[in-house]
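There are two complexes below, and they share subunit A, which is joined by subunit B in the first and by subunit C in the second.
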Partner chain A sequence: MSIVNHFPVLAVVVLLLFAYLMPLLMRWRKEWCVPATLGAIGFSLIASLYMMWQVMTTGPFMYQMGSWAPPWGIEFSIDYLAVFATMTITIVGLIVIYYGTQDLLHELKEQVMGWYYTLYLLLMASMIGMVLTNDLFNMFVFVEICAIASCGIISIKESRECIEAAFKYLVLSAVGSGCLLLAIAMIYMVTGHLNFTYVAQALPQVMDLYPLNILVSLALFLVGLGVKAALFPLHVWLPDAHSSAPSPSSAVLSGLVIKVYAIAMIKLLYKVYPPELLGMAPIMNMILWMATLAIIIGSMFAIVQDDIKKMLAYSSIAQIGYVFLGVGLMSESALQGGILHIFNHAIMKSMLFLSAGAIIYATGTRKLSDLKGIGITLPVPTIAFSLGAFAMVGIPITNGFISKWYLALGSLDVGRPFFAAVILVSSLLNGIYYLPIVVNAFFGEPEGAVAEPRPLPRQMVVSLILLGSGVILFGVFPSLILGVVSKAAQSLLGLL
Partner chain B sequence: MTMIDILLRLHQNSYYFFAIILFIIGFHTMLSHNNLIKKVIGMNIMDTSIFLFFVAIGYVNGGRAPILEPGVPYTAYVNPLPSALILTGIVVAVSVTAYALSLIVKLYKHYGTIDAEEIMRIRGGDIQ
Partner chain C sequence: MRFTSSFLPVWIVMFPMVMTAVIYYVEQHSEKMRNALAVGTSLVTFLSVAALYPYIMAGNIIEYKMFQLLPSLDISFRVDILSFSLALLSSFIWMMVAIYSLDYMCKEHGCNRYYPVLIITLASCMGIFMAGDLFTLFVFFELMSLISYVLVVHEETVEALRAGYKYLIMTIIGGLALFFGIIITFELAGTVTLSGATLIKEPSTLAFFAFISFLIGFGMKAGMFPLHVWLPDAHPVAPSPASALLSGIMLKTGAYGLLRVIFHVFGFEFMQREGWTVILAVVAVITILLGSAVAITQDDLKRRLAYSSIGQMGYILLGMSILTERALIGNIFHIFSHAFMKSTLFLCAGAIILKTGKRSIKELGGIGKQMPFTMFAFTLAALAMIGIPPFNGFLSKWTLSLGAMDAGVPFYVLVLLLSSLLNGLYYLPIIISAFFGGEPGHEHDHVKVNEAGYKMLIPIAILAVSCLLFGLLPTNLPFDLSRVAAEFLLRGGQ
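What follows is the complex of A and B.
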């Protein structure tokens, strides 16, 4: 009986514990807040790396809460996809909050800083819980914590845009949660189970008896998780929410939160619903077309924006389309591409939002047209931004290229070259809105606030350098991460 | 299927039927009203309908609370799990409502109105 056996649950519980300690620390030991937050997320990172090592050496395993066996107790399933996702969440989350310790000081009032760490830790805990859990209702609870915490880290900056964006987000995600709970009710009605494994065993037996219930539940899951993941026609809340929030919040919302719902969808589609069901209704085709529209229309909206963070927010809508494209194509390389894009996009989008935040911190301007010559006066954030932009376009040696490559290969594998063309067109569209910014930044003449920026604190520079080197590292050596990604894709498709 | 059949079936599944009607009322209130407070009320009606639906799943006709008493012969028991789950659901709905209402208070402070269209108009005004 050692502590490492309980790492799956500790990765969540330690974060929850520190979340509730934070307001107390804020009152009595202000200077401990930052190290405690970093320490808690660092512990989760160690736990998830240890779980990853365990899964890669001995294979997936289950963790039972309080040793209660599955039909009664709640289970955590530690498989390839889950360890991959926890690792992504903890690494990016740690870097973003390290950056945030400086950036937040100028965006938030001092007395709410402790609450920000509370909300941030709750958000991390709920995301890790959501990817690890093997129980439908447990997933619903984590989804709700995640929804409230992510609205919280937007509305904590009490400007009117933030409050309004947070309200819109809250109402729409409440609709999504309602749909999720109804879907869970439908499933429970026909199977009598909430555990993923048991539901998956029971569904093929009851499919002939109650086909409508099961189809309706699938549709409700798609809508509920689609609203939260900002899948195309359901994305209306995202641009305001992600662009008005404080920069670290935007980074973690765009980089991680919307991806976690995509992972929940992957788990439901591939692990719970029987493959025969997908023949009954064109669910996968619907996902594919929604993803295609998201990719094209998200990029088109991004082209016309003049606000740097709004442009990045619209670009997120396009990028979540890639993930769902990989989910919908049902081929091994496409699924690999989709899952890999979760990791790659988490790194590059959080880097883009953080460098945009650093530019706003140093110059006070958010307008793209004011950023001429910023590359000369603020080299680090601008180089990071350019790297992120190249990765978004998918230029080789950046990690964005690898995931797009796998997605394109996957669409050719299943004989649907149309989707490879979609990826190509969207890369060109990405080029249209990212590259002029890079060109302007390095070859323009700096004027106004851009000519004399505030110096950046060390924390911001270090986090940008870490994320930037991640983009290059996983672009040049994709095999570092591809091992676990391909195992995850194979086990989801039942090839292992 | 004749009209009688349909009515009979609706009667047999009346819990589900009314839950879905409530869901639609709540959803409609949420989407069609501009008043933010009414939106939150619609959200609550929608949540309540789902709770009703979930609890109705566990109900057994003529069932009792699942407590074993010595000397009382075995009868049918209702499934306690949905009720237990819905307790969690209610807590979540209450906290979302409280948070939404506090956001509305803040919005009222900033804009002086709780009408969604009015807020859009004021916002549109200061962008140009």
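What follows is the complex of A and C.
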């Protein structure tokens, strides 16, 4: 038995192990912290790429923890969606923390740096665990780790608004976790199983006996995961949390963490709950309308912001709406668009947050109205920001266009052009708040701190360039990622 | 009808794109090289387009598929007679404007931004005209619209930025409308390739939405009422050579897109059967009268020219809505005529502004004595605008009117006549006061001739003479091309 067979669990365990090593390293071998963190995430990246190759060549498979067969043992399901998600998480996570090694130095106190890496690795481990697991309770454990670690990387900055935001997040997140636990308990009550596969087999049989339990559990899942994924109207914690956190934290929170809950939701809706149940209650329509409101209202709130990171945070609310729109439309193209948007938005939004972070690092200002002429003095972050802005609007040859294309196509496929129109209106709104910033940045005389920015460290520039080329690469050659995305969508819809 | 696959269209689009990067690199070191490269690039592009002439006139269609973006969504090129005509026209005017810019822009700031943008808009314009499917057309359309923003706000004044903002928002709305139209077409037809067969065959609500979306998307660019609001602000604030391109060429991309939609997406018989051409006709008539009427009230020279562009674009839209053969010839020929006339006018206005700094028409009295050559060219183009024989403007109006009579709607002829009258009302006073006006009391003073440099005068001269020549000669290249293109389109594009 070679080590590659254990990659699914190792991708999580190695990260956990290194997370606990960090405080020790911080004490005795400070200079090892950064390489160790990068190495651990790098290992997960290799593991997830290997799993991706395995799944694409030989098909999805199961990994049994300690060879204990279900229903007793914990199972990891390595399917198309899971490998897609782990790859997204590890790639973006690696780039963000590589950027963070420099940016965090000026935002955090030195003695907490080790703790930051601990929290970051815990967060990565929990996210990967959440998308791989095939077990409800195991998922809940990872959800909890994820919530605590997210709060940690916000409040670590120890400023007033960070603590306040983290507290708000913690309380709402705890409410969400409570809902999840209740929902899991209800499922366990009626089926006696926690494994997704077994629950999915048992649910149709008990549906007639306990319809209410199952419906309530679904509602609780929707609320619990909805709070965590910031689905409108459960988004109230997000703008504060994502805007006050250190920039790498914002990037990973907006880019990845909220998406992971969306993936958990996709798994539950398409793999666990029987399709007949989805016919009993208009659950998909509810998701659609919540998503629509998220898209429109999130964008509208973003327009009025003057704080660059707050604007990006509100824009995330709108963008998570796109993902849920894809989930709710129940058509192959739309689901592809939704899943693809998880990846595309992860790249775009982390790039936008990182370029905002770089601008804040170099100039010390976060007010949009002060950023006149920044394109001349700080070309790399501003060009990255502009690329991200174009991708958000969905200009062709950026990756944002591809996800919009699929979402719009999906809504036409099911004969609901209204939702295609929603996507267009939201693109217009995106244009209204992103493009003036770009214009301001390139046509205007720089003043004050903007005129003489601090030079950016290499790590920050490299990360931005990597993400920026990703936006173009996946816009021009979307087939690189579409293979796994379309397989994921087809297998979720049972077409494979 | 034969199909050939040739790399030439890709070369025509890619060459200026690559040269943009080269110019951007070179300009850090030498301004002379930059200028030479900019003019050289436009010249080579023009020659490359002209090299297609024998293929195209032999009735060939060149198709070239570059690569696949998504399943059944390609980046592809297709050059037929219509593509060729407009590409030839655009690259020619571009070359003239590039030469003109050498002198005009030398006193302006930000030339290092201006030239690369000028060349990359040329590339995207070529891309629009040579696109083989709606998606490629859309990509280049967006590219051109967004990049020409830089031309609009070149002066970076408050009013330029405000006009630019309006332009940007309208561009995005137009782009999204196009996106909607294209995706509906894709949904209904499964492909968006432009070929002999029409894409949408069955009328439905969704198809109607698609038509309206295309009308908004392309009509916005073409300055169609009521989406013209950005145009009178954006065109005058740009530097004059850029205004010439914006008004002379880039407006036409909207008209070109609509032609493609009418003939390739829906088919003109479909359009007539469903009565959708009526929508086009109504907005066209309003656009003509509104553009011409509002132009009279403008005092800023370039603003008056911009409103006049709206009126003229209305002619082109009208030709599209009539859809008889002669109307179509007039429509395509007017694309040529208006490109020549309006770029001449804007370039003359640029020369006047550069030499005297005057933009207000009230101050232009006696300018004809100071700049006789420029004003003579202006007069030629203005007379063509009014539609006086033997200028090219007359020929296009005449053909359009014949087309309207063929369709049995003399009302359109009345509209054209009325608009000509209005054109006369706002162009003739400029000319009269330029030559015979002037400040009282100074009439007998000797006015020094103060013309712009020859690099500006030569393009103006060539364009102005073209206005005359293409109306005077009964068989000329633009008219032939229009005739063949109209026949080609009415045959169903094959």
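Rule of thumb we're sticking to: the second predicted complex is superposed on the first by the 496 of 496 C-alpha atoms of A that agree within 3 Å, B and C clash if a C-alpha of one lies under 4 Å from a C-alpha of the other, contacts with A are read in each partner's own complex, and residues count from 1 in each chain.
Basically, a residue touches a chain if its C-beta (ideal position, glycine included) is under 8 Å from a C-beta of that chain, and two chains touch if they have at least 3 such contacts.
As the structure is a computational prediction, the values presented were derived from the model and not from experiment.
S.K.: For A:188, using the defined touch cut-off, is the partner it touches subunit B, subunit C, both, or neither? Pick first, second, both or neither.
M.R.: In the superposed model, A:188 contacts subunit B only, not subunit C.
S.K.: Based on the superposed arrangement, let me know which partner A:148 touches: subunit B (first), subunit C (second), both, or neither?
M.R.: Touch partner of A:148: subunit B, not subunit C.
S.K.: Between subunit B and subunit C, whom does A:160 touch in the aligned arrangement: first, second, both, or neither?
M.R.: Touch partner of A:160: subunit B, not subunit C.
S.K.: Between subunit B (first) and subunit C (second), which does A:307 come into contact with in this model arrangement: first, second, both, or neither?
M.R.: Touch partners of A:307: none, neither subunit B nor subunit C.
S.K.: After lining up the shared chain so the two structures overlap, which partner does A:137 touch, if you call subunit B first and subunit C second: first, second, both or neither?
M.R.: first
S.K.: Determine, under the contact definition given at the top, whether A:178 touches first (subunit B), second (subunit C), both, or neither.
M.R.: Once the two structures are laid over each other on A, A:178 reaches subunit B alone.
S.K.: Pick out the shared contact residues on subunit A: the ones touching subunit B in one complex and subunit C in the other.
M.R.: none
S.K.: Quick check: in the complex, which residue numbers of subunit A touch subunit C?
M.R.: Residue positions touching the partner: 393-397, 402, 404-405, 408-409, 412-413, 417, 420-421, 424, 427-428, 431-432, 435-436, 439, 443-444, 476, 478-479, 482.
S.K.: For subunit B, which residues are in contact with subunit A within the complex?
M.R.: 23, 27, 30, 36, 39-40, 43, 46-47, 50, 53-54, 57, 82, 85, 88-89, 92, 95-96, 99-100, 103-104, 106-107, 110-111, 119, 123
S.K.: Inside the complex, what are the residues of subunit C that reach subunit A?
M.R.: 68-70, 73, 135, 138-139, 142, 146, 149, 153, 156, 161, 164-165, 168-169, 172-173, 175-177, 179-180, 183-184, 186-187, 206, 209
S.K.: Which subunit A residues qualify as touching subunit B in the complex?
M.R.: 137, 140-141, 144, 147-148, 151-152, 155, 158, 160-161, 163-164, 166-167, 170-171, 174-175, 177-178, 181-182, 185, 188-189
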